[in-house]
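After this come two complexes, each holding subunit A, first together with subunit B and then together with subunit C.
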Partner chain A sequence: MGELAELLTYYNVIFLLKGMGTTFALSALGCILGGLFGTALAVARLTTGPLTLPLRALALVFTEFFRRVPFLVTLMLCFFIFQFSGLDVSTFTVGCVTVVLIGTAFLAEIVRAGLQSVHPNQWHAAETMNFTLLQTIRYVVLPQAWTVILPPAFGFFILFIKDSALASQIGVIELTYVGKVFNNRGFSAGVSFGVILVAYFMLSYPLSRLGAKLEKKLGSSRTR
Partner chain B sequence: MDYTFQYGQVWPYLPYLLKGAWLSLQIAFLAFCGGMLIGTACAAVKTFGSGWMRHGVNAYVVFFVNTPQLVQIYFLYFALPDMGIFLSSYMAVLLGMTLNAGAYLTEIQRAGFESRRQSEMEAAEVLGFSRWQQIRYVILPHVAKVLFPPLSNHYILMTLGTSMAAIFGVEELTGRAFNINSETFRSLEVFSIVAVIYVVVTLVASVLLALFGRFVFRAKMRVV
Partner chain C sequence: MAHLELDNISAAYGKLRVLDGIDISVGSGETVGLIGPSGSGKSTILRVLTGLLKPDAGVVRVGGAPINFDKPAEIRRLRDRAAIVFQQYNLFQNLTVLENVMIAPTKVRGRKPKEVRPEAEHLLAKVGLADKMDSYPDQLSGGQQQRVAIARGLCLKPEILLLDEVTAALDPELVSEVLDTIRGLAEDGMTMLIVSHEMGFIREISARVAFMADGKVVELGAPAQIFDAPEKERTRDFVGKILRH
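Now for the complex of A and B:
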């Protein structure tokens, strides 16, 4: 207990909060940008006709690839690609690019499932009214699908808070890295990583409660 | 960016990498089996148990679901020796993954337990099924059908999750990639090959699981 009090000095707490902020920023960025790109991929996969076939194939390969490669391996690939490209970017940027790539792949699948949850009749009706694909999605499908998309997307965001712990491996100063620094400063592993575990919990638990509430609320409003 | 890929230096290491992939699968399988045992027991407690037992299980699940697996393993690997418990890196990773999987699988299995319907069991009772027959012919097929898809999904995620064993020096697929990387310095080549191995391994596993689920449990699963 004495050691814990020693650890939680003013500057260490600031450092810890900064780490929490970075972890949050990483997963938020991954989800927001990943959501945008993921929606684009999901729409690309819904197109028909031979003209967009390469687009569909590309979207399929992208989602399947990044959903089936571990975070750590994707991180290392991004890390070395940036290294060899000669661009002088921060490790935070490398971490961001990684989470955006993975977020895009996973959210594309979530958005696609959401779009497909809308009854085919709606799609056909919109087509009959001469809506283009984008118009159909914008005015007919998305207003109905977002309640299906949002809960799993939010769950994915919370999952990402925990997965981004691996970004500490390339030196992004987020929560896990803060724990390693505490440990290196001579605090025992139990105390330093214990504090980090609690910090993650404090970040993730309220969000997961919020997610559960969201799911309940949106789920009940869904009538079909 | 002028970078020439030289896969020639890395190809001879392919058998070495594949042996690592085998170890990855082994860790995932063992952790999944352990997690299933914990998960089934905890889900049973959550569904049928008394007050304080349910609270205990809840605390376990909520804590492990809301903190990153990586930090959990850090804690086991670095903090337990202070308490006189020495785990090899392999054991620490396996234990961490098992405990983590146990929490997630509890949540998944609870949903399955709750999907059984009272009317189904009453119908079976009316037909003169004994308790064991009810479980064997009515509850189990139903629960297995509901549970198999999310469980196999989690199994694939766990296979990817084994990559973090590399951080603790376990020589599984990613760990061996790091080894080759430090021997040959062909980082992009090594990690791209490893990424493809992960994709192939999980793709094969997904297809096999989907076929198994379809024919054995009649679960609705998409093959690919």
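Now for the complex of A and C:
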């Protein structure tokens, strides 16, 4: 307990909160932008006709590629691409781009699977009444797909918070990086990373509760 | 003049030819019944008429104007004029009965909800479901769901109503309530093309009946001709088998 009290000085707590903020920002960006872009890719994959074929192909290649490449490899890839391009960007920006790429690919697949889980007769009925693809998704399919989309999406969000730790590899000062700094400053690994563990829990627990709440609220609309 | 006309329509699913030179016309206010064995192409005709399947030959005319199936705008125009009621009802499970009926006129056609609502309520009352407006589809019986589907189609004010085996998925005791609703529509002068296995009903309600087999119209004529004195051997076989059961 004595060591913990020693660690929790004003400056260390500020440092810890800064790391928490970075982890939160990375995760939130990956989830929110990834969710938006992922939904756009999922919709692109559901289009038909020759005109949108390039869009479908692009969405498919993007999704399949970034879902198969490990987070760390994508991170390094982005890091070196930015370095070669000569653009002067912070490591945080590199981390942001990486999480958005990964989030988009995974969430695109989760949303696509959810949309396609809705029975084809619902799509046909909407089509014969002249709903556009976006109207069909918004008014008919998405409300019925939440039960299928939400559990894996929130599972992914929580995994994502933990995966963002890899950004520490390129020097982004997020939670895991903060733990390493505490440890390097002479605090024991148990206390340093114990504090980090609690911080991760504080970030992910409310998210899992939110997921459960949304599942109950939105998910019930399928059969009410 | 025929309100709806299929002129030498052919269509295929991949390499499988399902419609082969179909000629059928439906006059304004007329009810035409389509009968025939499973796989004869009856429902496929309705898929063509709702733009779900593009014909590879022939012409569909509505009100004398041909529909170009290569142009999405023309398919939309066709769908504006012809509403379909499916065998499996296909009601939107996330919406109440009233919302199911109102959604297309308001969200697709852009009409004001306060203008559509009385019409939707009137139609639901007409099909005997005034007390079920706030229910969800899964709270209704099959017959009730099918009547909602008919009200949903009618709320689009179609010129032609296409009915695709609307009683085939229903328990026998629920069939009559749906048939009564359709009978009422025929009396009101609705133009209808009906695919059904309910031979007694088709005979009673149709001005003309087309017997189909293998993607072709084998025989088209008055119900008395098709059911009592068919000219073609194939029709005789089919009607004979049906009447024996």
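To be clear about the criterion, the second predicted complex is superposed on the first by the 207 of 224 C-alpha atoms of A that agree within 3 Å, B and C clash if a C-alpha of one lies under 4 Å from a C-alpha of the other, contacts with A are read in each partner's own complex, and residues count from 1 in each chain.
As a convention for this text, a residue touches a chain if its C-beta (ideal position, glycine included) is under 8 Å from a C-beta of that chain, and two chains touch if they have at least 3 such contacts.
Please read all numbers here as calculations on a predicted model, not as lab measurements.
Engineer: Based on the shared subunit A superposition, would you classify subunit B and subunit C as clashing or fitting together?
Structural biologist: Superposition result for subunit B and subunit C: fit.
Engineer: Is A:48 in contact with subunit B, with subunit C, with both, or with neither (first, second, both, neither)?
Structural biologist: Neither: A:48 stays clear of subunit B and subunit C.
Engineer: Please indicate which partner A:72 is in contact with in the superposed arrangement: first for subunit B, second for subunit C, both, or neither.
Structural biologist: After superposing on A, A:72 lies in contact with subunit B but is clear of subunit C.
Engineer: Taking the superposition on A as described, I'd like to know which of subunit B and subunit C A:204 touches: first, second, both or neither.
Structural biologist: Only subunit B is touched by A:204; subunit C is not.
Engineer: Figure out whether A:165 sits in contact with subunit B (first) or subunit C (second), or with both, or with neither.
Structural biologist: A:165: touches subunit B, not subunit C.
Engineer: Anyone got the angle at subunit A's C-alpha centre between subunit B and subunit C, nearest 10 degrees?
Structural biologist: Spelled out: centre of subunit A as vertex, angle of 100 degrees.
Engineer: Thinking of the overlay built on chain A, is A:127 touched by subunit B (first), by subunit C (second), by both, or by neither?
Structural biologist: Second partner only, subunit C.
Engineer: Tell me the contact category for A:184 with respect to subunit B and subunit C: first, second, both or neither.
Structural biologist: neither
Engineer: Please name the chain, subunit B or subunit C, that touches the greater number of residues in subunit A.
Structural biologist: Ranking subunit B and subunit C by residues of subunit A touched puts B first.
Engineer: State the minimum pairwise Cα distance, in Å, between subunit B and subunit C in the overlaid complexes.
Structural biologist: Minimum over all C-alpha pairs of subunit B and subunit C: 23 Å.
Engineer: Quick check on my understanding: which residues of subunit A belong to both its subunit B contact set and its subunit C contact set?
Structural biologist: none
Engineer: Can you name the residues of subunit C that touch subunit A in the complex?
Structural biologist: 50-52, 76, 79-80, 83-84, 86, 88, 90-94, 103-104, 107-109, 136, 138, 156
Engineer: Within their complex, state which residues of subunit B touch subunit A.
Structural biologist: 1, 3, 62-63, 65-72, 74-75, 78-79, 81-83, 156, 160-164, 166-167, 174, 177, 187-188, 191-192, 194-195, 198-199, 202-203
Engineer: With touch defined as at the start, can you tell me which subunit A residues reach subunit B in the complex?
Structural biologist: 64-65, 68-74, 76-77, 80-81, 83-86, 161-163, 165-166, 168-169, 176, 179, 183, 188-190, 193-194, 196-197, 200-201, 204-205, 208
Engineer: Inside the complex, what are the residues of subunit A that reach subunit C?
Structural biologist: 121-122, 124-131, 135, 139-140, 143-144, 221-224
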